[in-house]
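Below you'll find the structures, each written out as structure tokens.
In the two assemblies presented below, chain A is common to both, partnered first by chain B and then by chain C.
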Partner chain A sequence: MSGEFFIFIVLSLIAIGGGIMMINLTKVVHMVVALVFTFISIAGIYVMLSAEFIAVVQILIYSGAITIMMLFGIMLTRHNDKSETSGGGFRKFLIFLAILGFGLVFYLGIYQLELGEPSTSLHENNTEQIGIALYSKYIIPFELTSVILLVALIGAIVLAKRDDKEGEERE
Partner chain B sequence: MIEGLLTSEATWLHFFIYFALTVLLLFIVLGFVTYAILAERKVMGFMQLRHGPNQVGGRWGLLQTVADVLKLLIKEDAIPRAADKPLFILAPLIAFTPAFMVLAIIPFTDRFQFADIGVGLLYYIAVSGITTVGVVTAGWASNNKYALMGAMRAAAQMISYEIPLVMSVIGVILLTGSMNLNDIVLAQENGWYILWQPIAFIVFFIAAVAELNRVPFDLAEAESELVAGYFVEYTGFRWAFFMLAEYVYMFAMSALITVVFLGGWLPLPYLGFIPGAVWFALKFMVVIFLLIWFRVTFPRIRADQLMEFGWKVLLPVAIANIFLTALLKEWINLF
Partner chain C sequence: MSSVPLSAYLTLAIILFCIGLYGALTKKNTVIVLIAIELMLNAVNINLVAFSKYGMMPSIDGQIFALFAIAVAAAEAAVGLAILIAIYRNRKSVNVDDYNSLKN
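Here is the complex of A and B:
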């Protein structure tokens, strides 16, 4: 057993465990913390795949920024909510069937998947390669994404502003 | 070294070699923290015309911090009854672990480094962001309004100042053409980046002070407003972990500033006979002194001033610096 394999097992156990805990825990904040563990171990798996840039960005965006946004959202709203278990036996059976079907479809899909020859030079200057690909081959989708993000940003500001004015009028 | 350890058989020998090296670094850092606290109190004392600690451990108070830590360790470990117990226990660990993890990529000299990864600079910023989760968790789990407010302030501040922090080093990355910290140091042989990128240095330094939660940006633990901030309910050993995380970050951030802007282990011209480790230590101590100096000199700013300064001053200046650097690099070909 090589060290690589051992680390892979540990990381995937943490990732899956975090996911399961996220579903099974009852308090919302606990769920988010479990989610952080999943995000970080997925970043670890990216490192093992030599995609160091993606790994770092995964930590920066997902376990850093998005988690904090979630925590803020939870704290500013009704945070003492606990998830409730619902549904009778028949509903549970249906859900079980759906999960089984989902698993089957994905098993078949992944099992038949042919990825072709894996390229061997992707890990060298990882960031540089991503940059070159983004700014030469995928420049239009990249720019479009930035426009969409800008629209979302301005939209958020407009929404927040309008809220403020209405509040003032009510006073 | 890392490559070899990863692809080799996972033998106990490799494990113990790596473990021993890490523990060694941990003890170096703990020693640093012990005397950084003393140095901070001494320098603050002198700047305020006081003596500072001078009772325990001789005339210079050399054992003062040791005694303080001992006191913390034998204190009663109290967990509030209304606290969220699992998170309360987990939070100090989430806050401390990333502080120690970021040290892995700092090149102390050309040979003494634990991991040489291509995205070193980004790794530091990304991993240090996880501490925010620990801080927010601590504030939440304490079930105390001051703790929660402190945690909220800490999170807002850390996220806002992370952006100028990243933006300011983009100038350095542009000039180097790499995010690897070793490459960044080697690119400074013709002059440190504090000379080529003075604006970036100033922005980075201010944002770094804010990220470290130190005066004048220590709103998250403003004593006069929030009692103590996010760790109000913590005592003894768990509280010591938060303090430790703070000082380990001070160590890491000073080392990072040394590496990125002050040329790391590179000597001044004609002084190459002094070993690189000494140079690193000297520059490192200058940065630490600057941080302490900042703390003694400036008053704490208000929360709204903090946000305005981050978004309306630092961020535009950092972006202008990127633009200027790109112009200099492409048109004038200075570098």
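Here is the complex of A and C:
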């Protein structure tokens, strides 16, 4: 067993363990914190796949920004009640069976998939390669992303802003 | 030295996707449903990055797609939380089962 395989196994176990803990814990804050482990070990997986820039972005965006934003969402709403799962045990069991079947079908499709030789040049100046591709081949999607972020920013503010008229009527 | 095969990464991605799908379908709290959807998007990003290294024609393009997916996922999380705050102000609940005013 090579060192690379060992690191992959450890990172995968942390990622899957974080997900399982998210499913099984009862307090919502603990669930979000359990998912931070998953996100950080996914960043480790990206480093193994010679994508250092995406690993840094993953740590910044997911384990930093999105987790903090979700924690704000929990704190701003009522979070004292335990998050028990919805529906009866039978419904949960049916959902579990359906997802198990889904996963098995896809596993049968991929478990011996091998495509060509792995690339050997992706880790050399990874950020520079991404920058060159982003500003030459993908310049139009890159600019459109800025429009999406602007729309999301304005939309989030408009949605979350307290509507003064409605507030007065209710009070 | 034998490296980790492509199918190992894809298997990890599908396990994480199934966990996220189960969480999104069975959890009651809306914030947890949102973050389970983020977990599913992360699993898809693992697939994109894995194919950018081990795919038929390895190139940087897969990593670029993963970056775009992260950007769109962040925007989606922001708008989803804003909708959650707006609904909570009207219904005083974060329980998914309480959002049933379209039902009857």
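In this text, the second predicted complex is superposed on the first by the 138 of 171 C-alpha atoms of A that agree within 3 Å, B and C clash if a C-alpha of one lies under 4 Å from a C-alpha of the other, contacts with A are read in each partner's own complex, and residues count from 1 in each chain.
Note that contacts are C-beta pairs under 8 Å (C-beta built on N, C-alpha and C of every residue); 3 or more make two chains touch, one makes a residue touch a chain.
This is a predicted model, so every value here is computed, not measured.
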(message) Following the superposition defined at the top, how do chain B and chain C come out on chain A, clash or fit?
(response) fit
(message) Touch test for A:Ile59: chain B only (first), chain C only (second), both, or neither?
(response) first
(request) Considering only touches as defined above, state whether A:Gln112 meets chain B (first), chain C (second), both or neither. (result) second
(message) Looking at A:Glu4 after the superposition, I want to know if it touches chain B, chain C, both of them or none. Which is it: first, second, both, neither?
(response) both
(request) Check whether A:Phe93 is in contact with chain B, with chain C, with both or with neither, and answer first, second, both or neither. (result) neither
(request) For A:Val33, decide between first (touching chain B), second (touching chain C), both and neither. (result) first
(message) Contact-wise, after the overlay, does A:Asn125 reach chain B, chain C, both or neither (first, second, both, neither)?
(response) first
(request) Could you tell me if A:Ile68 is touching chain B, chain C, both of them or neither one (first, second, both, neither)? (result) first
(message) One more residue to check, A:Tyr135. First (chain B), second (chain C), both or neither?
(response) neither
(request) With the two complexes superposed on chain A, say which partner A:Ala156 touches: chain B (first), chain C (second), both, or neither. (result) second
(request) With both structures superposed, pick whichever of chain B and chain C touches the larger number of chain A residues. (result) C
(request) Just the number, please: smallest Cα separation between chain B and chain C in the overlaid arrangement, in Å. (result) 8
(message) Considering only the contact definition stated at the top, list the common interface residues of chain A for chain B and chain C.
(response) 2, 4, 53, 57, 65, 72, 126
(request) Quick one: which bits of chain B touch chain A in the complex? Just the residue numbers, please. (result) 5-10, 14, 84, 86-87, 90, 94, 117-119, 122-123, 125-127, 129-130, 132-133, 136-137, 140, 148, 152, 155, 159, 162, 179
(message) Under the stated contact criterion, what part of chain A meets chain C in this complex?
(response) 2, 4-5, 8, 12, 15-16, 19-20, 22-23, 28, 31-32, 35, 38-39, 42, 45-46, 48-51, 53-54, 57-58, 61-62, 65-66, 69-70, 72-74, 76-79, 83-87, 92, 95-96, 99-100, 102-103, 106-107, 110-119, 122, 126, 129-130, 133-134, 137-138, 141, 145, 148-149, 151-153, 155-157, 159-160, 162
(message) List the residues on chain C that touch chain A in their complex, please.
(response) 1-12, 14-23, 25-29, 31-32, 34-36, 38-39, 42, 45-46, 49-61, 63-64, 66-68, 70-79, 81-86, 88-89, 92-97
(request) Show which residues of chain A lie in contact with chain B when the two form their complex. (result) 1-4, 6-7, 27, 29-30, 33, 36, 40, 52-53, 56-57, 59-60, 63-65, 67-68, 71-72, 75, 125-127
